[in-house]
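Multiple structures follow.
In the two complexes that follow, chain A is the common piece, with chain B as its partner first and chain C second.
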Partner chain A sequence: MRMVGAKVRRVEDRRILTGNGHYVDDLQLPRMVHAAFLRSPIAHGRITHLDVADALALPGVHAVYTGADMQELCKPIRSPLAQGAVPEVFPLVTDTVRFVGDLVAMVVADSRYLAEDAVGMIDVEYDQLPVVIDYETALDPSVPPLFADLESNVIHTATKEAGDVDAAFAEADRVIEVEFSQHRIANVPIETRGLVADYDRGSGELTVHAATQSPQGLRLQLAQTLDQPMDRLRVLTQDVGGAFGLKGNIFREDFCVPIASRQLGRPVKWIEDRNEHLMASGHAREERITAQVAVTEAGDILGLKAALDMDAGAYPGLPFSAVAFTGVISLLMPGPYKIKGYRCDSRVVATNKATYVAYRGPWAMETWTRERLIDMVATELGLDPAEVRRRNLFEGAPEDRLITGPTLAGITTRECLDKALERIDYAGFRKEQEAARAEGRYLGIGMAAFIENAPGPKEMRPGGGFTGGETAKVRLEMDGRLTVITAQSPHGQGHETTLAQLAADEMGVPFDSVRVVHGDTRLTPFNIIGTGGSRAATWGSGATMVATRKLREKVLAIAAGQLEIDPADLQIVDGVVSPKGVPGKDIPLARLAGQMTLMPQTAPPGTDPNLMAEERFTGEETTGSGWSGGVHACIVEVDLGTGGVRINRWVVVEDCGRIINPAIVDGQIRGGVAQGIGQVLYERIPYDAEGTFMAGTFMDYLLPTSAEIPAIEIVHIEAPDDDGVGFRGVGEGGMIVAPATLTNAISDALAPFGAKVTEQYLPPSEVLRLAGVVPAGA
Partner chain B sequence: MSERTVQVTVNGVPHEASVEARRTLTDFIREDLRLTGTHVGCEHGVCGACTVLLDGEAVRACLLLAVQVDGREIRTIEGLATGEQLHPLQEALRDCHSFQCGFCTPGFVMTAVALLEEGATPNEEELREELSGNLCRCTGYQSIVAGVAEAVQRVNGSGGTAGSSVGSDAQRVEEISR
Partner chain C sequence: MKPAAFEHHAAGSVEEAVSLLAELADEDVKVLAGGQSLVPLLALRLASVGHLVDVNGVAELTSISNGDGLRFGAVVRHRQVERSPEVAAANPLLAAAVRRIGHTAIRNRGTIGGTVAHADPAAEIPAVLALLDGSVEVRGVDGTRSIAAAELFDGYFTTTLEPEELLTSVHVPALPAGTGWSVQQFSRRSGDYGIVTVLATLARDGDGRISAARVAYAGVDAVPLRSSVAETALVGQTASPELWTAVGHDAAAVLEPSSDLNGSAEYRRHLAATLTARALQQASERAGGRA
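Coming up: the complex of A and B.
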């Protein structure tokens, strides 16, 4: 039976359902001690006094480290992928704190309890400095830069222009200008950050157990900053309790803990608490765009101009800073729509806030801006938003191109839109909406489209894109079982299941005979991203498939030699090699592998008895358009008494090519939509004008629960089965398009009040303001 | 720091230990008893990942001190399966692909066990309300609701209506247009 395409039960579930998972905080090593950090209570200030003597004197405390110690113990942190202006940064601050939660000192003690006691005994005083907390201050050239070695708080500017933007605007009947603002939110995996560093004084080896998306990325960065030889530096990652982009970052704490372990010669554990997590792990999404769209009265979109500002927080993200995502935003903003001219100006600023991190579809501002704009165009012109989309959407014809360059041949956005509107009964809903309005009930419908280059058409990824593709290793064990070693590093996506499905089919062995190994840098191939960017289904799958195919060729060559038959006449079914249609000549893989391992000298001439294959996948075998995408539609009812928004229906029509495991794909989509709903209705990271952080608990930072998230209906546009790698990334799409879908629906519900939704955060107070129930500013 | 002796039965096994008065029940279970299946997600009683059964009632172990459970009985996620045989709830959650990263899982599982053992047969809306004290960041909850509904139906019989409505939804979403 073919495993690919089947709703196979997950390999991971038995252990996580029985409490037998291995998360980093589960690790207890002999002689292990515990770290806690002293963090800045103010947004910006110079340390005028720092005395750790009392803390150090507390029984059970082993060490207290300050920024001055770190300058002695490591090099400045430099990303191999740094973009924009990069300041010199050490793991702990050397003289100036730059956000609430910034790292001042680290205590290492016998228990976390004692470590926190000692943190409270550190004597520190600050000279407060003026804060940079909003775009205007950050952009003001007269305001001193947060980092003395940078010239400005504007750390990056860029412009992308395509087509003839002036001509497009000159041709327009109207130009509509809107200022959109997306608020600061946070990834908030249920497992916080954490690591255990274990330096062995005998071998000089540093082993780091980490909750990370990228063990190899962490290893590379640790080697650089700690000057630790890479042959004595191993990162291990087992189960990770969610990440959503956050744990693809390498954090300053990640350097402190191994440094302490190396100094003390014993294992050091640090597990972040939730308050630290909300305050200091990293925040996402704070962006604004002033957009101008040039249209005809008939609803043709001719041109788009956008000015993007992004708030990167205080420190550059590692290895990818906020700057990396401006390029994707400006590349994708026109989306699957035809326009004639386009310009996007980007600026990234530093502020006294926690560092900007990637969060599931970090470029999603482009989709929100575009899809909100289309609805506003429709309102302004008195047209139907579905019709404006149909009028301007590409067909996916061979000659169709995103105005910024890449081919859109084969995209299915139009089909997705039609199916979504049919599924949600768009025409029927409009009648229902009218009837409801007559009764004083406010229903609304929203729709939005997105495309994502996951992996993108071939022309966007020559040689395998910026990572040069991805490598996997596959080994046939002596008992005939298959070990797949992947460069992916899953944290909930179920790769132990999906990659095993692929390898089982490619090799011809039972699904249960495949073990997928990840998260050990001694074994796993290098991949700076690990798992992220919707790359597993595309690059991780492709690598697994080409490596398994290579191994299968080796096996068939050996069996063909033994049977004196053409390899093309052989098959492997259920772990047994046999000539097609000739019974009685079976060679079980266990027998073949056992023989080749124990007696490689018996390998037939010209064959390779080493039953391991390591192959780099560069995307040559990738089939299909390369564009993942789809259309979501939802129906809401807004309660003008409370300002509450009830989501009555949510329909997803999506195209991620071929599907490896439908249950896993649906789970990715639903999880993303839930995060998008949370982002619009519940979640916001607030700072006050002094830079004080205002959401230190889950009573302040609200996550949606099972009572708020609706059932999500999913329709797949699935590509036909072929011999290639026809799977496309599906991790981010739900989160990318959900805020646009939901804000469009709320806007539609409030249309009778002339509401203009330009702020993405729509808690009850904002909904009531938009409806005119409470006055602006109330 | 003052220590107290605590006698507690965990998953049927009696334990006696001397603990600091300030030691949380989660640290006691995870570090002292080495039952790391119970997870710590927020340490302030909101996320529910640390949910265990205390004398049969679902409680947040992060809000309790170890000294508070003296003389009482605790069940954790490790106590559900019998050898290799999964609890029917665990089977149902596995069949429904209920979870992804697994970190919130112990809390949902123990909350749902308490519900099952009460003999509850909630409809979908009631079930969503019952589970709303546990946070999951991965799934969007639908798969968890479906899994618990399935378990309710398998264990407490067809009195529960959530199974049928979520089940039919699960069928609806199966449509794959080729």
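Coming up: the complex of A and C.
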């Protein structure tokens, strides 16, 4: 039976659901001690006094480290992928704190309880400095930079221009200008950050067990900053309880803990608590765009000008800073729509807030801006938003190109739109909406489209793109079972299942005889991203497939030699090699592998008895458009008595090429939509004007629960089966397009009040302000 | 998020708990009941205590009795109240209000005495006591006294209990037969504290006029509030949707809620008006009349 395309039950589930997973906090090592951090209570200030003597004197405390210690114990942190202006940074602050939660000192003690007691005994005084909290202050050239070694709080500017933007605007009947702002939110995986560092004084080896998306990326960065030889540096990752981009970063705490272990010669554990996590792990999404769109009265979109500002927080992200995402935003903003001229100016600013991190579709501001703008164009011109989209969408014809360059040949956005509107009964809904309005009930419908280069067409990724593709290793064990060693580092995506499905089909072995191994830098191929960026479906799959194909060739060559027939006449079915159509000549893989391992000298001449294959996949075997994408549509009802928004229906029509496992794809979509709903209705990271952080627990940072998420109806547009790598990334799409879909629906519901939705965060009080029911306020 | 060290005392009886409270009065002592509010505060080090007197093992505080109204031992869990057929029969409003407390896991641990003593202004049970003129019984080394709801709540998270006193039981009067009732709450998510909670009871006379009405709020002030504006405006009137809207508006207009991350004072007043009208409508329907 072919496993690819089947709803195979996840092999991870039994382990995780029965409490047998292994997360970093499950690790208990002999002589292990525990770290806790002293964090800044203020947004910006100079440390005038720091005395750790009392903390150090507390029985059970092993060490207290400050920024001055770190300057002795490691090098300044440098990203191999740094972009924009980068200051010199140490793991702990050396003189100035730059956000609430900034790292002032680290205590290592016998228990976390004691470590926290000692943190409370550190004597520290600050001279408050003026804070940089909003864009205007950050952009003001008279305001001193947060880092003395930078010239400005504007750490990056860029412009992308395509087509003839002036001509497009000159030709327009109207230009509509809107200022959009997207609020700061947080990734909040169920497992917080954490690591256990274990330095062995005998061998000089440093082993780091980490909750990370990228063990190899972490290892590379630790080697640089800690000056630790890479032959004596191993990063291990087992189960990871979600990340959504956050744990692709390397954090300043990640250096402190191994440094302490190296100094003390003991394992040191640090598990971030939820309060630290919300305050200091990193935040996402805070961006604003002033957009101008040039249109004709008939609804043709001619041109788009966008001015993007991104709030990167104080410290640059590692290895990718906020700057990395402005490029994707400006590349993708025109989306699957035809326009003649486009310009995007980007600025990234530093502020006294936690670091900007990637969060599931970190460039999603482009989709929200574009799709909101299309609805506003429709309203302004008195046209139907579905018609405006149809009028301007590409067909996916061979000559279709994003105005910023890449080919859009084969995209299915138009088909997705038609199917979504049909499924949700768009025409029927409009009648229902009218009837409801007559009764004083406010229903609304929203739709939005997105495309995502996951992996993108071949022309966008020559040689395998910026990582040069991805490598996998496959080994046939002596008992005929197959071990796949992947560079992916799954943290909820189910790669132990999907890569096993692919390898089982490629090799011709049963699904349950394949084991997928990940998360050990001694074994796994290098990949700086690990798992992230919707890459696994194409790159992880492709690497597994090409490596397994290579191994299969080796096996068939040996069997062909033994049977003295052409390898092309052999098949492998259920772990048994046999000549096609000739019974009685079976060679079970266990026999073949056992023989080749124990007696490699018996390998037929010209064959390789080493039953391992390592292959790099550079994307040549991909099939299809390279674009993931889709259209979502939802129906809401707004209660003007409370400001509450009820989501009555949510329809997804998506195209991620060929589907490896429909249950996993649906799970990815539902999870993404849930986070997108959270982003609009519930979640916001609040800072006040002094930079005080105001959401220290889940009582203030509201995540949607299952009670808030509607049933999500999913329709797939699936590519035909072929021998290629036709799988495209699907992890981010749900969240990229959900905020646009939902805000468009709420805006539609509030249309009778002339509401203009330009802020993405729509708690009940804001909904009622938009409806004119309550005045502006908190 | 690890609490600072404290000493834990497992009290076996009310007497023992009360004498521990007296003995440790100068050493920062607190009573531990279900711990659903106190323990997170300790873990975040927003509060610290020298001693916790744990009353979870005090068997005499775990029962519900029904006579002159309902009487709950202080460590009766919310879940016990929610599932009690006696409570459902004697006071369906209380049963409905208790279901609004957090999630099942919270109700499994949280106690009725704990929520009253904690006095969160957004909490449901204190508002029920205010609405129905309930009371609590407290015990100190010098004996027992009863405190009426109107005298009990003294500000944000503050009651008129003395530090050495233990809240031993909560008394909730029964709903008179034929009384309609409603619990209206709006929270951003299922299980959250209400931004505003409105409780109402309504009775009518033979002519269909409103003969008695009570309205109480949680989440709009430092303590649970009774609305004399609403109660006065309702009695003697004939039920109608216009009346509910007008009373909701007038009752909300005199409220002075604060602003927070969930919304401005103006938003809360709007919410109070909406929920008051909805509560009165539902209470009126349950009272058997038409509106």
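By our rule, the second predicted complex is superposed on the first by the 775 of 778 C-alpha atoms of A that agree within 3 Å, B and C clash if a C-alpha of one lies under 4 Å from a C-alpha of the other, contacts with A are read in each partner's own complex, and residues count from 1 in each chain.
The rule is simple: a residue touches a chain if its C-beta (ideal position, glycine included) is under 8 Å from a C-beta of that chain, and two chains touch if they have at least 3 such contacts.
This structure is a prediction, so every number in the text was calculated from the model and none was measured.
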(request) Kindly say whether there is room for both chain B and chain C on chain A in the superposition, answering fit or clash. (result) fit
(request) Using the superposition on chain A described above, determine whether A:V240 touches chain B (first), chain C (second), both, or neither. (result) first
(request) Answer with first, second, both or neither: which of chain B and chain C does A:T602 touch in the superposed model? (result) neither
(request) Name the contact category of A:T697: first (chain B only), second (chain C only), both, or neither. (result) both
(request) Report for A:G644: first if it touches chain B alone, second if chain C alone, otherwise both or neither. (result) second
(message) With both complexes overlaid on chain A, does A:A711 touch chain B (first), chain C (second), both or neither?
(response) first
(message) Could you work out the angle between chain B and chain C as seen from chain A, using CA centres and rounding to the nearest 10 degrees?
(response) 40
(request) Quick one: classify A:P775 as touching chain B (first), chain C (second), both or neither. (result) second
(message) Quick check for you: in the superposed arrangement, does A:T159 touch first (chain B), second (chain C), both or neither?
(response) neither
(message) In this superposition, which partner touches a larger number of chain A residues, chain B or chain C?
(response) B
(message) Quick check for you: in the superposed arrangement, does A:T48 touch first (chain B), second (chain C), both or neither?
(response) neither
(message) In the overlaid three-chain picture, which partner chain does A:R274 touch, first (chain B) or second (chain C), both, or neither?
(response) both
(request) With both complexes overlaid on chain A, what's the closest CA-to-CA approach of chain B to chain C, in Å? (result) 5
(message) I'd like to check the shared interface: which positions of chain A are touched by both chain B and chain C across the two complexes?
(response) 113, 273-274, 697, 699, 705, 707-708
(request) Sort out for me which residues of chain A touch chain C in the complex. (result) 112-113, 116-117, 120, 273-275, 641-644, 681-682, 684, 686, 694-697, 699-700, 702, 704-705, 707-708, 763-765, 768, 773-775, 777-778
(request) State the interface residues of chain B toward chain A in the complex, per the touch definition above. (result) 20, 22-23, 30-31, 34-44, 46-47, 49, 76-78, 80-81, 86, 90, 93-95, 97, 99-106, 109, 127-129, 131-145, 166, 169, 172-178
(message) Show me the residue ranges of chain A that touch chain B in the complex, using the header's touch definition.
(response) 7, 9-10, 12-21, 23, 25-26, 28, 113, 188-192, 239-242, 244, 273-274, 419, 491-494, 659, 662-664, 666-667, 670-675, 697-699, 703, 705-709, 711-718, 720
(message) If we count contacts the way the header does, which residues on chain C are in touch with chain A in the complex?
(response) 1-5, 40, 44-45, 186, 188-192, 195, 259-267, 270-271, 274-275, 277-278
